[in-house]
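In what comes next, chain A is part of two complexes: it sits with chain B in the first one and with chain C in the second one.
So, the complex of A and B:
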């Protein structure tokens, strides 16, 4: 198992290196550069150009691309992401300011997805073809197909403007978390419900379930002790992907609800080409995703004896 | 706003409606009038949305009219708190922040030396009380002896100089090493409240460096203690509001500075909240989370007015300009008659009434400066809408079948610029001018701008502080550049006035620029906010502002 983990970790490093390189060159391929965002172009054109040229040199953008890439690699792998070109503070500091808020919302969304999605999938499987199953299927399809920014605006209109039950923006109290976390969780909740349902249906048809029933075990024991253990293995994959997704912020949910988290920072940094922040966040998201899936693989092997480390 | 002022505003609005109804339409005009507010409370402000539909040209326009009746005042709310939602908050709280979104916040934390007055179209002193030129290169300015910083230290000339020198020498910021005192390269204190400033070359517009985000002062002892980076997290200024706390890209909170030197206000706190999504800002106004909302889309205004919300429209010193660039690659644009045809083809009045909702001010004289401003040429007037003339000019220029040109525009960088340019494209098409505009994101547009690759047609918001040609330098024709060089360095006011008038006439004749509209501030106000206004430098004016008890 140790050899397996080491080998997968080394593969992860290669993937991260490729991501870092790809992002660097993709950002360079795009038109413009971060210096142009710091200049007041509505003033005298010549003065603006002069200001731009000074900034371009001061920010190291005049160096050859290969040199910039080398510096970028060195800094990335030594954790020196530099200062935000927009906020003029270390990129790490910006992440530190946002990560708590994003973790709160992401954690709540994850809890909702697991807490509602899995039971709903199990009930659907057990009551296949019933009104409950149809309702759960409809709910899942809606959750997957309604764009989350539109869902967010709809909820703001109903629960914020019309009913005045919930605050519509910001992150001050637990009430502020309700709408963003529901919206952020809806797609994963629906997917989880569908995965659970199909996994459970697959398992419930197995011989060992029939054997357990013929031995006189009660339905709850059969479902909890025998069916769920095997039926929910596929859900682990979803969790592995969801954790880094929530941790990096659900971009448009944070944007609509003005939730001051990592996702909003990421969107604004891309818009303003704040390269140190963009690189840092992309790297962290890549690391979280790669190691999230590594963790899933390990858990798979632990919970499913049919899978062996090789 | 006093009753008198409200009456004046009402009369002005009524006059605007009358002008809009009477002028510039060629067909029969049917006016549909809908009174959308009837309030049975002491203070009554009725707003009417007037829809005009011309029969000949199917254009519908919406104009907001304010009618005021004199009544008793409403009681004040217990909490005099103003909560403002805007698209972006400042990225830092230094006195040197210059981004547009930081202006409202900065103008409350710090005082500028001068502000631009939208009535006289000239500079008026804020911290500065007297000023004069000793010679074309030497400027002397006296400041108020009443101002103090939020930490109690007096604001003096030595403290202002210490700030500039600390920033240059000790801040460690490359971008501040060449910092000047509002564009002046030398400085010396004459006494505690008088400074003498010098520059190496004459400048015709020396005071613009003191306005909007250009030059404000840190408290030097505090700056030395916090360092440049730390000052942003604990700013100390001389403005009417002092810092309480902030979170980047979230909120900035300020409270009343009780010892403010310039005026007193009943407002206790002001907070700015960053809410990027327009629909959420408007929803926040409806729920009462905010009592002021910036960057209001004009299409939502009628429904807000119906729900008793108020709209503030202010003037900023920025005009949206479409440049018609002579270019070797598109030689037809070198012909003055083609550029003039493009001007005659545009019905700017229709665009004002429809796409801009009547909220952007027109530039009726078709020149950079507004009427009454220094350098305004009363002999120049805007090109009228005359499509026949446009077509005959094209034919005269040798293009009877029309022309095709291309250009670049930003998406949403300026107030409804994409929509306005799209309408212009349709109007040009009607006279045979086929225009292909490449609408780009801000990054792409900036890249094209600095590379000088904006094409035959491009647009940009031009700021004017003091005299007219600031960003008009983008017209690269050598004749124009020569005039610009003269204008920039002429310090004799009479000579300068003459040069500016000549330049306005020349610009008009050459038809290099379409002065489309003055970019407005359009803010939504909750009915509980009264007499809160903004100046042309985005400065919130809190003197008379108050929060009323909810009805």
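So, the complex of A and C:
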């Protein structure tokens, strides 16, 4: 088991290293070099050229690419991402409050999708073909086909404009969190209920469930003690695949509701070409994703003893 | 659920008689009923392709024609619903809260007009054009890349196979949307950029590589492949003539369902202001522009989203149908 965890962690480190390398080469893929983006070309041309030359040397762009790559690696792993070109503070200083905001909203979304998605999946597996089942299946198809930005607009229109129950943007009170977290959870909730349903249906067919029933155990005991334990294993694998789904939800939701989190910072930095912040967040999100997968794999191995650690 | 309507059972048996031509069996009431979702989905999708190709003729009004005195005109179907609301908004009141506002003099767009007085329906129809171009090109691109790499890995195996599968694993580990967004920070956006980004960076080809590779590995030991080998067929011939055609069914199904994802990606990027250029009418951009004025008018933020959902749904139905038709092994697997 320890060996498995160590092996998977090493794989995760390799992936992160590849992302860092990718970032380095991406910086050189765009038009011009990174220094060019920092110079204000609107001013006097001679002055701009002067400024560009200074920056070019100061940023180390005059050195050989291999040396630059080495410096990039060193800086990245010691957390020196450079200053934000918009806010003029070190990029990491922009994170603090925004990470808290994103975690609040994301955490609420995760709780919602687990808390509603899994029970919904279990109920629709137990009452297969019933109205609840049809409803849940339709809901899960719609949850994945309705783009979440439109879902957000619909909710704003219904609950913000027509009913006037909830504020339509911002992040001041708990009321502001209701719509963003519901929208961010919907795709995940849909997949959760779908996977739970198929996992439970798979298990409920098994012989040991019939044995339990013929022993005279009540339906609730069978479902909770026998069926759920095995039926929900596939849901854990799903959690890994859900990480990208989660991030795309975060971007759109934070954009629509002006939720001041990491996703909105990322989008604003992209629009304003604030490259140090973009690359820091790219790395941060990749690391979060890779470790999300790692965590899920380890939990999966712990929960399901049938997994052999190769 | 899948039972045919009663009274048509006789027709079913008749159509299953071997003497009838194949296409007649296909259009039997039972088959049509079983495949109803797929047929509806395919129909809707074809309709959108038609709208995309013939947009200027279908739409009528110019999608970019600005007419400021016609800003935020209610959809004309409101004129047919005078009983819904004749409420006149007071001074300083939110106009968007009024669902319908009949205005007999309003002859502009059937689905209303937007913040610049442009016809919403016409913009939707022209939006289909860009959505379909991006969706079909990006899917085709990722399909071609996936098939080529998949064949290469299965054909050469060994080291190349290892390297490519590791690359695919790495690609899976980072959300593609994040990388596409980061790239758009310094690559100027545009239709071609969008197609390349979604087709390549979007990672749709990885699934195709896995399918081609997996199927090829499992087909390689089949008797008919051995027979072809025994008859002296070259590796290349076996790969392209015997193995690849048998991997096509799952690829077509996967790509069909993938089209929905590409449309979501394109409209999402346009929604974030990073997609197609501003002068091209696109569904995602229509929604962003509508959000600014959601307190004033509801229709510009309803119809584009409805259209996106409809297209994506139609690809899902179509994919399900194709899977059942092309790959009977998977029938009823969901």
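Basically, the second predicted complex is superposed on the first by the 260 of 310 C-alpha atoms of A that agree within 3 Å, B and C clash if a C-alpha of one lies under 4 Å from a C-alpha of the other, contacts with A are read in each partner's own complex, and residues count from 1 in each chain.
The criterion applied here is as follows: a contact is a pair of C-beta atoms (placed from the backbone, for glycine too) under 8 Å apart; a residue touches a chain by one contact, two chains touch by 3 or more.
Bear in mind the structure is a predicted one, so any value in this text is a computation, not a measurement.
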Which of chain B and chain C A:147 touches, first, second, both or neither: second
Touched partner set for A:161, first chain B, second chain C, both or neither: both
Chain B versus chain C as contact partner of A:203, first or second or both or neither: neither
First (chain B), second (chain C), both or neither touched by A:273: both
First (chain B), second (chain C), both or neither touched by A:239: neither
First, second, both or neither for A:86, with chain B first and chain C second: first
Partner chain(s) touched by A:264 [first = chain B, second = chain C, both, neither]: first
Chain B versus chain C as contact partner of A:125, first or second or both or neither: neither
Touching partner for A:177 - first (chain B), second (chain C), both, neither: neither
Overlap of chain C and chain B interfaces on chain A (superposed complexes): 30-31, 37, 153, 156-157, 160-161, 168, 255-256, 271, 273
Interface residues, chain B side, partner chain A - complex: 85, 91-92, 98-99, 173-175, 178, 229, 232, 247-251, 273-277, 279-280, 283-284, 286-287, 289, 318, 442-444, 446-450, 460-463, 470-471, 473-474
Residue ranges of chain C touching chain A (in the complex, touch as defined): 1, 94, 96-97, 99, 169-170, 173-179, 181-188, 260, 264, 267-268, 271-274, 284, 287, 290-291, 294-295, 298, 301-302, 304-305, 308-309, 312-313, 316, 334
Chain A - residues contacting chain B, complex: 30-33, 36-37, 40-46, 48-49, 52, 54-55, 58, 86-89, 94, 97, 153, 156-157, 160-161, 164, 167-171, 255-258, 260, 264-265, 268, 271, 273
Chain A - residues contacting chain C, complex: 15, 18-19, 22, 26, 29-31, 37, 129, 141-142, 145-147, 149-150, 153-154, 156-157, 160-162, 168, 198, 243-244, 247-248, 251-252, 255-256, 266-267, 269-271, 273, 275, 278-279, 282, 285-286, 289-290, 293
